[in-house]
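The block underneath contains the structure these notes are about, expressed in structure tokens.
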Amino acid sequence: MSKLTLSDDVRATHGSKAPMLAMVGGALVLLSGLLSWSADSTVLDDVSVRFYPIGAQIYIMVMGVTAIVLGVLLRKRPAWMSPGRGLRILGWATIAFVLLLALFAIGYETGALANLNEGLPVALVGGVLVLLAGMVTPEVTLDVRRWPKLSSSLEIVVIVVMMAFLLFAVAHALSLESWTFIAFLLMLVGVAGAVLGTGIGGYLGFVGANNRRPLLLAAFLVAFLFPFTQDGSDANMSIATQIIIFAATALGLNIVVGLAGLLDLGYIAFLGTGAYVGAMMSQSAFATIGWKPPFLVVMLIGSLVAATFGLIIGSPTLRVSGDYLAIVTLGFGEIFRLAMFNLDGNNGPKLTNGPNGIPGIPDLNFFGFDFGESHSIAGFELGRFANYYLLLLLLIAFVILVFSRLNDSRLGRGWVAIREDERAAEAMGVNVFGLKLLAFAVGAALAGIAGTIKAHVDTSVSPDQYIFLESAFLLAAVVLGGMGTVVGVLVGASILKLLPEKLREVNDYRLLAFGLLLVIMMRFRPEGLVASKRRQLEFHEDDEELVALTQQEHLLEAQAEAK
Amino acid sequence: MSAMLEVKDLEVAYGKIKAVKGITFDVQEGEVVTLIGTNGAGKTTTLRTISGLLRPTKGSITFMGKDLTSVPAHEIVSLGLAHSPEGRRIFPKLTVEENLLLGAFSRKDREIDSDLQAAYELFPILEERSKQPAGTFSGGEQQMLAMGRAMMSRPKLLMLDEPSMGLSPLMMKRIMSTVTTLQEQGTTILLVEQNAQAALKRATKGYVLEVGNIVLAGTGQELLASDDVRKAYLGED
Amino acid sequence: MPQRSVVMIGSSLVVASLALTGCGSRSSDSGTSSDSGSNKVAKIGVIAPLSGDLAALGKGIQNSVDLAIKQANESKAIPGWTLEISAQDDEAKPDVGKNAATKLASDKDVVGVVGTLNSSVAQSVQPVLAAADITQVSPANTNPSLTQGADFATAPKRTYATYFRTCTTDSIQGPFAAQYLFNTAGIKEVATVHDKKTYGQGLVEAFTKEFEKLGGKVVAAETINPDDDKYDAVISKIKPANPAAVYYGGEYPQGAPFSQQMKAAGLNVPLMGGDGLYSGKYMELAGATADGDLATSVGAPTDTLASAKEFVDAYGKGGYADPYEAYGAYAYDAANAIIEALKTSLKDAKSAEEARKATVEAMSKVKFSGVTGDVAFDEYGDTTSRVLTVYGVKGGKWEAIKTDAFK
Amino acid sequence: MSTLEATNVGHQVGHKVVLEASNVTMRFGGLTAVNDVSMQVHDGEIVGLIGPNGAGKTTFFNCLTGMYIPTEGTVKLSGEVLPPKPLKVVRAGMARTFQNIRLFGNMTALENVMVGRYCRTSSMALTSVLRGPKFKREEAATRERAQELLDYVGLGKSAELLARNMPYGDQRRLEIARALATDPQLLLLDEPTAGMNPKETEECMHLIFKIRDSGLAVVVIEHDMRFIFQLCDRVLCLVRGALLIEGTPGEVQSDPRVIEAYIGGSDDDDDEEGTK
Amino acid sequence: MDAFAQQLVNGLTLGSLYALIAVGYTVVYGIVQLINFAHGEVFMIGAFGALSTWLVLFKGQTGLWVLPIMIIGAIIASVVTAVLMERIAYRPLRNAPRLAPLITAIGISVFLQEFVRLFYGRVPFLDFPDAKQKVPFPQIDVVTGKAFEIGNVTIQRSAVFTVGALIMCAAALWYFVNRTKMGRGMQAVSQDPDTARLMGINVDRVIVVAFAIGAALAAIAGVAQGLQVTNINFKMGFLAGLKAFTAAVLGGIGNVWGAVVGGVTLGIVEAMAVQFIPGTFGGSPWKDVWAFALLIIVLVFRPQGLLGAKVVDRA
């Protein structure tokens, strides 16, 4: 892996200057937030005024403060932390922040770079200093045995604070538009990356692992509270419903890809199966099946049909593996799309209305609770999408439950064994074929359930939603976020669905960036943003330091569990 | 005179597991040097490292004064070092002649044809069947082809990895006598063998490897006479 | 603490130097923000594909709406109100379209929406906008079921009171073409091909019904997959039936190459289609052999209508980067229809949101002479305009052959 | 070393035939890798399989474990013909280790052994998701048994180590523990001491005796002759795919043909007693 | 019977195109066991390379003499793309888990499509058409125009060009692989890369050559496609690539002649499916389904393909 690094000699001689560099750099970055950025007052909610920071200016000040804190930490480094690494990440992020905003938000949007004022150049200097500070810091090995030992109630406080912060960040991010949104995201990536990169990430993971239940509870509470932050507006809730559907499907795919280690390039077909079943058995006037059972039955049928397809698509795994299997699944995915496209009565039986799809699917109604209507709960207005959001929250909770419980069971161990060494697994009595099929069936069933709900959320189903590119997106969510992890997939799904919604200006370049992202990720971080430890090891077979660190962390977790 | 091949403190690892744990030996021009030892002793690993297929974690390999540790495998052949790998590894779908010509891949001179004839002279059966796919050959014939192919690069040093493996005694004899012939023709040879007796008999020098270490060294005759060799192979106490 | 002093000195130096350079404003700060002043704001939304394959068509729609709004603001069409555009991308995908609609619905200033391009997107946008009482006028949806319900052929029933369209449905264009081919061109045997999409299939179905009613014969009926580039297998299937013309239901990206390949394969008969073929791009893609191909389009030819000429001129002067494309004129009319309705509904309204319902009601009374002909809506929300024109390719250009009112 | 000898000498081989391979022949295309080899193993018996490189030992091994379907001949385990599928072979009661260690490197030692319990446990998807009492019982039992086995092979303290992080000798023993976790009647060890130092080798021998004493039948492929002759009750020597000799370690060790096969017959004309 | 003969001609034409692209999959796979999923895009870029050459040098010309230069332009564009792809994206992943290069390939594929779509019409100083929609491809004398009629069978001129191109490319490839030193080296690397290195063969260079050969043939296919369908677009590589991959597998991936046989077979199957599968599951809309079904059946039941003899262990 090619990394921009300085030689050990340079670090040894100049390492002592790092804290000062970091603090000066941080101060400059902090200062830049008070200065004027642009002569044009129309960009970034008017950043032309001095000493009156707003939006992106506040964000950069947060970055400055973070740099200063890291600089202080550098002078008195806890053994389990590596502020140097954090500073490097922060430095790069600051530079990216400045350049992106300077060149595009101000330069491109106002039509002239001349509109650039002093603020951003100052920030750039600061960012470079921070980066330098990170680079001259001598490399250290983390000693995770020195992690602070908090009482369990304090650990829960840590979790609650984390979650509250998360809720705030998400709600805030969603209220932003275009360049300010990008600025926020860059700040978040920079600060979070810097903080986590110092080693706090590993520690938080450890705390989380020790308090799995409170963590889950807090996470769901946050998710549950989210619609109440939206002030009755449904715009963000609509995006949120899509993120959840996408994430639930991606989690299903993650069982196949992340756990069983099989590549599926036609996975969107399972979501499609569920959606079509949901549509065909709905009350829609275009529904092609006369039988209209209650929704819970439809959901069950949808998941069963999808699981059956999963078994069919998975059955070649008996004879085919690796790339060939990927291509087989791609072929099945295309066949699904074409079949949905064709089955309109002209070509084959009339099931799907062909390219026109099945529109006019009515809203769900559970015991008189109409999902299409707004409801008022405790003074908060919840719109149509908020209703669906809460339903989908249950769905994804169920999916996460299935995913994590399967992962942490006899079957999960079997999957790991298959990924590690298929022939050895078989020689140890692991039913390789059966487990692979199971992965396909369970994943497909989950996607199928998501599909039946999706049909009602979208109110229509048509074949052009189930093209190969969508499967690629699902795969990208898994790969980007982290194979085999729940959090990773949630992060990946959110990024992939949210960015295009928020970045309409650069929408045309979305796919270009997506393609590039896949290539870059595979090259530099194939295990994904939030990697499972095991996957990380699989992708970095010869990184002995990583192995040692993972080992230590694991031992600590095992000890904590034993207590 | 400095050695033709000099291996110093060589360490090779597969991941965490060290297969060769710091061995030192040398080959002088004109010698037949043999490395013997049981399975897993690290003989093949040593040869593969010398010819550049593996990278050492420590130590140096010097061939005719040039350090080989960072030279890519495909350039090592043209320096005059040929390697006939364990298990023959001929190209099964190519004909005998094509296999032989591949041996001369790195050469650009005009004497390839005459060397082809020389290879045919060494193993007449190859000429008879020069247009047949090599995959149809028996083990012994494949071994001849592998040796002929290695000789096509006009090596100064020829490394042979287990040339007698799985061969009938008759065929083994034929292969071993070729080793003698090549030596007489002036090729220096580094021979890895399980058939210790046959190898040591011809060797000017021998090394016994055990679990990645050299445990015995001496001239061929010395080792042949040594009880330790017998012990190493048959577990006699 | 030497570091601290360094920080202080460093930062004060920077501040001082910046103050000295006196980095003032280098571009006019005033900007071009509208002098809305005391005027209230009402927004007309646009939902169209602004990225992806169909972006060209979507941009044409967006720009045309923009033009209509600018003109209305300039002429102060609605006293006390300033109109604004809020364009949303649907990527031609139903779920993205739904998000866009939700966003517009939750914007309290939005009173009307022009869009969508695709019937499939309309299906997911309709319910969202209807729930918020926002008027929707589509410049391009041709699927009859959008206005007349799933059983449009047997038992038409209006599905969403908020939905209108300025383009004709497939059930008018197809028969019009059939009448032209059978009566005017004297062609009795045709083959039909369509791309299975709502538009193409609907067109061919309506065409076939009328053509057979007139006494003509459809000698071959085939379909293609719009993802395909090569149609020779289909053409080979049609050719032995010896049709005198081929009626194509679909859009020019497939129709034009189909014509070209048809002729290269030796089937030298005219290809006829609907307004999906009527585009300047058709000739580029169909090549030199396109002469004689036919297309129907709604309304009289633009150069015969004064209002249309004005639109073309104004659009040209508007400085838009993209051409108005096939649906620009319809979008312009759609926007103007909404503006017409707003003239009544906004008159006494305090806020835009309040006027939503009244706008829907006012829509049914809208009647004016637009770019594509007379604009008015029937009881289902469909356009009442039934004037159509047959165009033919001649010397690499579309030329009007026959304009008539459909009976 | 003498202690080892004593263990072996005092030992009684059982009377039940655990493994019976009759007339196994394996051909690949024109090449006969294994030619008409028969072999019987009784409970509580250690049988060694030796032969020079390329003699077909591993191929024979693969025929036994169901990786290959023999071209001719049958393999029976406790009287039942073995199904030619590794999975079913394991269920039937035969477990193996690999020549090049094939542990699940990124799993802990404990998890590795728990994978070995896979075929003796039964909780499926639904039970795993619902986590009923049966699931919890089985999971606890699996964990307990795995820990037991780790203790048994002397790795009790290394349970939470990643397999790839363990010393070479420990990896070998972990592989044996994993194989034992499948509750086998017969254990096949493919070069269990390859790459081990003498101390580790000796420990390994103790372990194999311990396993044998618990009533299992053991088949060992090895190159380390000292090890094999001390360890085994009976030794089979394969050369060029065929059985050269079968007998007690003493018989085999002193057989001139074995000496020839190993140290190599002399290939000169004047010195030809070994060759035919 | 006429219908059969006509569809045979159609199928042969289509199949020749598939075969030309399929060779690229098979050559690369044979050497690095990599499914270069982005190969379809190399084909697409070839077509755009030819168009660019024409636009820059010969705009308005239709003489046959411009065709060879267009082909050269196409080959340069494709080969440069393929070689860069190998160098930048694939080479660093050569020892990575198999998932990585496949996902990378999908990424490259999307990237290249979008790159052409977004930037083709924006090349500075050149007046290239916008590539967001279908772009007309120049029609060249002799190879396009009025079709030949033999009895009731129509043979298009572009079809003759395509089949001819395949025959010539196959002959040239045969000569290269079997009669040149580099070709022998390629065969050696595909059979045993480690031993090939011992022979002094620079495996990296052989891999580059493999990518380049595949790219050159795909470029010719791109020109053929442009001549046949008279337009090109940034998406044309996806389906064509998938079909060509099917063809490569059908014939036995890794086997050059397999790619040719597989391509032609697939083309004929598709054409016949349109004509002869009766009932509602026949006709053009289902032909891709049949092609994919064939792909799956072959992968499952005969993964070594029609011409492959050796069972490949793909574990």
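All chains are identified by letter, namely A, B, C, D and E, in their written order; residue positions are counted from 1 within each chain.
Here is the rule we go by: a residue touches a chain if its C-beta (ideal position, glycine included) is under 8 Å from a C-beta of that chain, and two chains touch if they have at least 3 such contacts.
Just so it is clear, the structure is predicted and the values come from calculations on it, not from any experiment.
When each chain is reduced to the mean of its CA atoms, the one lying nearest the mean of all protein CA atoms is A.
Compared with subunit A, the chain whose C-alpha mean position is the greatest distance off is B. The mean-CA centres of subunit D and subunit E are about 50 angstrom from one another, to the nearest whole unit. Centroids built from CA atoms put subunit C at 36 Å from subunit A. Between subunit B and subunit C, the centres computed from C-alpha atoms are 76 Å apart.
A separation of 43 Å divides the Cα centre of subunit B from that of subunit E. Shared interface positions of subunit E, i.e. residues touching 2 or more other chains, are given as 283, 285, 288. Multi-chain contact residues, meaning those touching two or more other chains, occur in subunit B at positions 15-16. Along subunit A, residues 338, 341-342, 346-347, 423, 508, 538 each make contact with two or more other chains. The residues of subunit B lying in touch with subunit D in their complex are 15-17, 19, 38-40, 87, 136, 139, 162, 164-166, 168-170, 172-173, 176-177, 193-199, 201, 211-212, 229-231, 233-237. Interface residues of subunit A facing subunit D in the complex, by the touch rule stated above, are 401-402, 405-406, 409-414, 416-417, 420-421, 423-432, 438, 442, 534, 537-538, 547-548, 550-551, 554-555, 558.
The touching residues of subunit C, counted against subunit E in their complex, run 53, 55-56, 196, 222-225, 227-234, 236-237, 239-240, 253, 256-257, 260-261, 264-266, 281, 284-288. Residues 257, 261, 263, 265, 316, 319-324, 326-328, 330-332, 334-335, 338-339, 341-342, 346-349, 422-423, 468-469, 472, 475, 479, 508-509, 511-512, 514-519, 521-523, 526, 538-539 of subunit A are the ones that touch subunit E when the two sit in their complex. If you check the complex, the residues on subunit D that touch subunit B are 1, 30-31, 52-55, 164-165, 168, 191, 194-197, 223-230, 240, 253, 258-259, 262-268, 274-276.
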